[in-house]
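Letters A, B and C name the chains as they come in the text, with residue numbers starting at 1 for each one.
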């Protein structure tokens, strides 16, 4: 069976290339992380970075590294990976290359809960926002999912998207009402809304980490099912996949990942939208590879954007959400213009 | 002559149409609702007037106070709301038909996000750096919004152009530009002091507060010119819904028709936005509501316009008098009213149709 | 006579308000090739989808080896029964090898993603369908006939004893139709698979199937060997078609020659 052998060696060859790609990306993540610790309003030489990481003492550099740069870098890594994975999942589940993790109303629900917390309870700490945002994200996604799957047909991409748009509009209206009535709410909301990794410490990372990890585990468990679903619901059923169970698992993963990211950093646009396209161009449509690639590319994108934000407005800085929009929009448009979008 | 089932004809001289009763009924009912709401809108407020008072004042009677209230305050505001709603509804219907996408709205064409960025930029920068906030807000704001909307729309169209404009690419580029503009807007909101941010927030939510004849006239002119264009161009919309090859096959000249209709949608949305801000959700929801109420396959233009007018008018009435002494921006109410209704329609339709 | 591997008992099937099939019974005997024929909209595909548990019946059941298919875990069913819908969709950039490998889904788990059994089944499926040399190509680079063979190859890699094919020859020219049906025949004769397929071409159905099932308005009008089923009176009853039935000069099976209004003599 010579032909069969050729096919399988080709498969092995491709797997080797994919593993190599992962290793390269991992190196990129490490390099970007070091750069993120070194670069800022006070730049820190690499040997001092190393010193701060390995054997921190009481020097100014060590304190900056440990207390400011490291948490912020960790957060960018976590959120970038979470949004990259969530983006791949939502595009796969909706078969829509334009879907963004915000599609299911996660960000708007989180924002609304934060505003309610400020308006109704006078909460102002980022720690409190985390829980509020997370709660809001969960409740909203559940609402969108229930609305989108009402009726006997179950959830379809179109009804989910419409329900997401309707719920987002509703939340946006309510947010406007509250912040227009109360200046204090507006003041807190406007800074939360742009999305940033600055000013977050390890406490916040600890708050969201369990959810992000759980989300990532669910996402990777969802990959084979999503592979089956990408052949259409009929074929997926025929090869023994539970369609509804797969959808619910995927949406749970998307909600945990996006909810955790929004809770920690506020709404971050474009990572979930763009990263899957870049990853897919490398790996093709196999989600078992697509998800790790998306995670790593999301990390790099998030870190690089955050570094750029510190450099272009030096000695001040531009929030990472804004930088991502300014980098992300042109990249996204270039992708769109370069070729016709992939059918999922 | 043989009749085709489901497509009864109406023919007068050289004109002929397909008669669809619900397409006529829905706008008529919406228009009736609209008249009622307009009457209430003029009657209610801090200075309540009876229907008789309103009517008397409208035909020239009434004392100077009543005249001032009706002609200078409530009538222009109500009319602005009506026309802005109609413009958004129509622009949304055209956008959705062209992009073949139920989630498209003039936001996708760059208009409303561009206008928001422009307006917020003027509010924040003029307030912080120029000290001419008063002047900027009265003259500069609508102009900045109009300019921002048109520039962003042009940007979308140019970036989407590549040997013609493909509907899908247009939507994609539009999403990119929209996200960029919205992030820019939120960033601008963080620059000024909180009072200015508050004013800007009211503006980007969409508000009819204090709108007068000066805001009304441009919208009225735009509608007077563009509604006929839209209706004439509208007959190719049915063909434009198919993929481009099928469209060519049906003999519609795709490119010019689409370009003209996009231009109509852009100008309508830009002018409406400069008058009242990007009133949330009207352009997205009314075509979908109109489509579901009329039972057609694509958003009906007239019904969308009338329903848009009705949604904004009802919402403004509620925003003005529904919350005691506080007046909310109309955009809050349009989304809070429109979103649940759209959800209800989605659910009900699935119960009916799906297996 | 062997017992039925797949059995439909008083099936009621429909979409929304409409009922397509009402009270249908059908037995599929192991080791046979069955072709379901009938006019457009008679419920052929609906029946096939229900037999393959892609559609939940309104009433009645489908029994697989005597057990209710809806009570059996879907993964267990997928090891015995494969269904190929009429126009399956695939994501862009998917290679033939990857597609065929996805047929192994029911045999895999998170810790067992690419066993030597999987690899062998995929290689054999590719070889059987003559797709080995295209393993690296993506589906979009294939012709219609090759794409259909790739999908059948996926169903084959699934390793099921029963295969349900919904119009496997749609959109193919005659040469490729014969090609695909020859493949179906080999699945049956060489691998002993039981095949149920929906077919439009009556002559090909008669040549390649052991049994024909003629449907009209969701009822079984006739079933049996092609020679018994394909008669002039049945064509009139099922298809409202005036036709002559002669013996196929190659296979000896019935050959339908439609009359049509242009050549009607009476």
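Convention: a contact is a pair of C-beta atoms (placed from the backbone, for glycine too) under 8 Å apart; a residue touches a chain by one contact, two chains touch by 3 or more.
Predicted, not measured: the structure shown is a model, and the values here were computed from it.
**Q** Taking every chain's C-alpha mean, which one sits closest to the mean of all protein C-alpha atoms?
**A** It is chain A that sits nearest the middle.
**Q** Farthest chain from subunit C, comparing Cα centres?
**A** Result for the farthest chain: B.
**Q** Compute the distance, rounded to whole Å, between the mean C-alpha positions of subunit B and subunit C.
**A** 52
**Q** Let me have the rounded angstrom distance from the C-alpha centre of subunit A over to the C-alpha centre of subunit C, please.
**A** That pair's centroid distance is 43 Å.
**Q** Taking each chain's centre as its mean C-alpha position, how far apart are subunit A and subunit B in Å?
**A** 33
**Q** Would you pick out the residues of subunit C that each touch at least 2 other chains?
**A** Subunit C, residues with two or more chain partners: not present.
**Q** Multi-chain contacts only, two chains or more: what residues does subunit B have there?
**A** Within subunit B, the residues that touch at least two other chains are 354-355.
**Q** In their complex, what parts of subunit B are in touch with subunit A?
**A** Checking each residue of subunit B against subunit A gives 102-103, 159-160, 162, 168-169, 171-173, 175-177, 179-180, 182-184, 186-187, 189-190, 194-195, 197-198, 201-202, 205, 280-281, 284-285, 288, 326, 328-329, 331-336, 338-340, 342-343, 346-347, 350-351, 354-355.
**Q** Flag every residue of subunit A that touches subunit B in the complex, lowest number first.
**A** For subunit A paired with subunit B, touching residues are 98, 147-148, 150-153, 158-159, 161-163, 165-167, 169-170, 172-174, 176-177, 179-181, 183, 186-187, 190-191, 193-194, 269-270, 273, 318-319, 321-322, 324-326, 328-330, 332-333, 336-337, 341.
**Q** Tell me, which parts of subunit C touch subunit A in their complex?
**A** Touch list, subunit C to subunit A: 49, 52-54, 74-79, 81-85, 88-95, 97-99, 102-103, 105-106, 108, 110, 113, 119-120, 122-124, 126-127, 132-133, 135-136, 155, 158.
**Q** For the complex, give me every residue of subunit A touching subunit C.
**A** Residue list for subunit A touching subunit C: 1, 3-8, 10-11, 221, 224, 227-228, 230-232, 234-235, 237-242, 280, 284-286, 288, 342-344.
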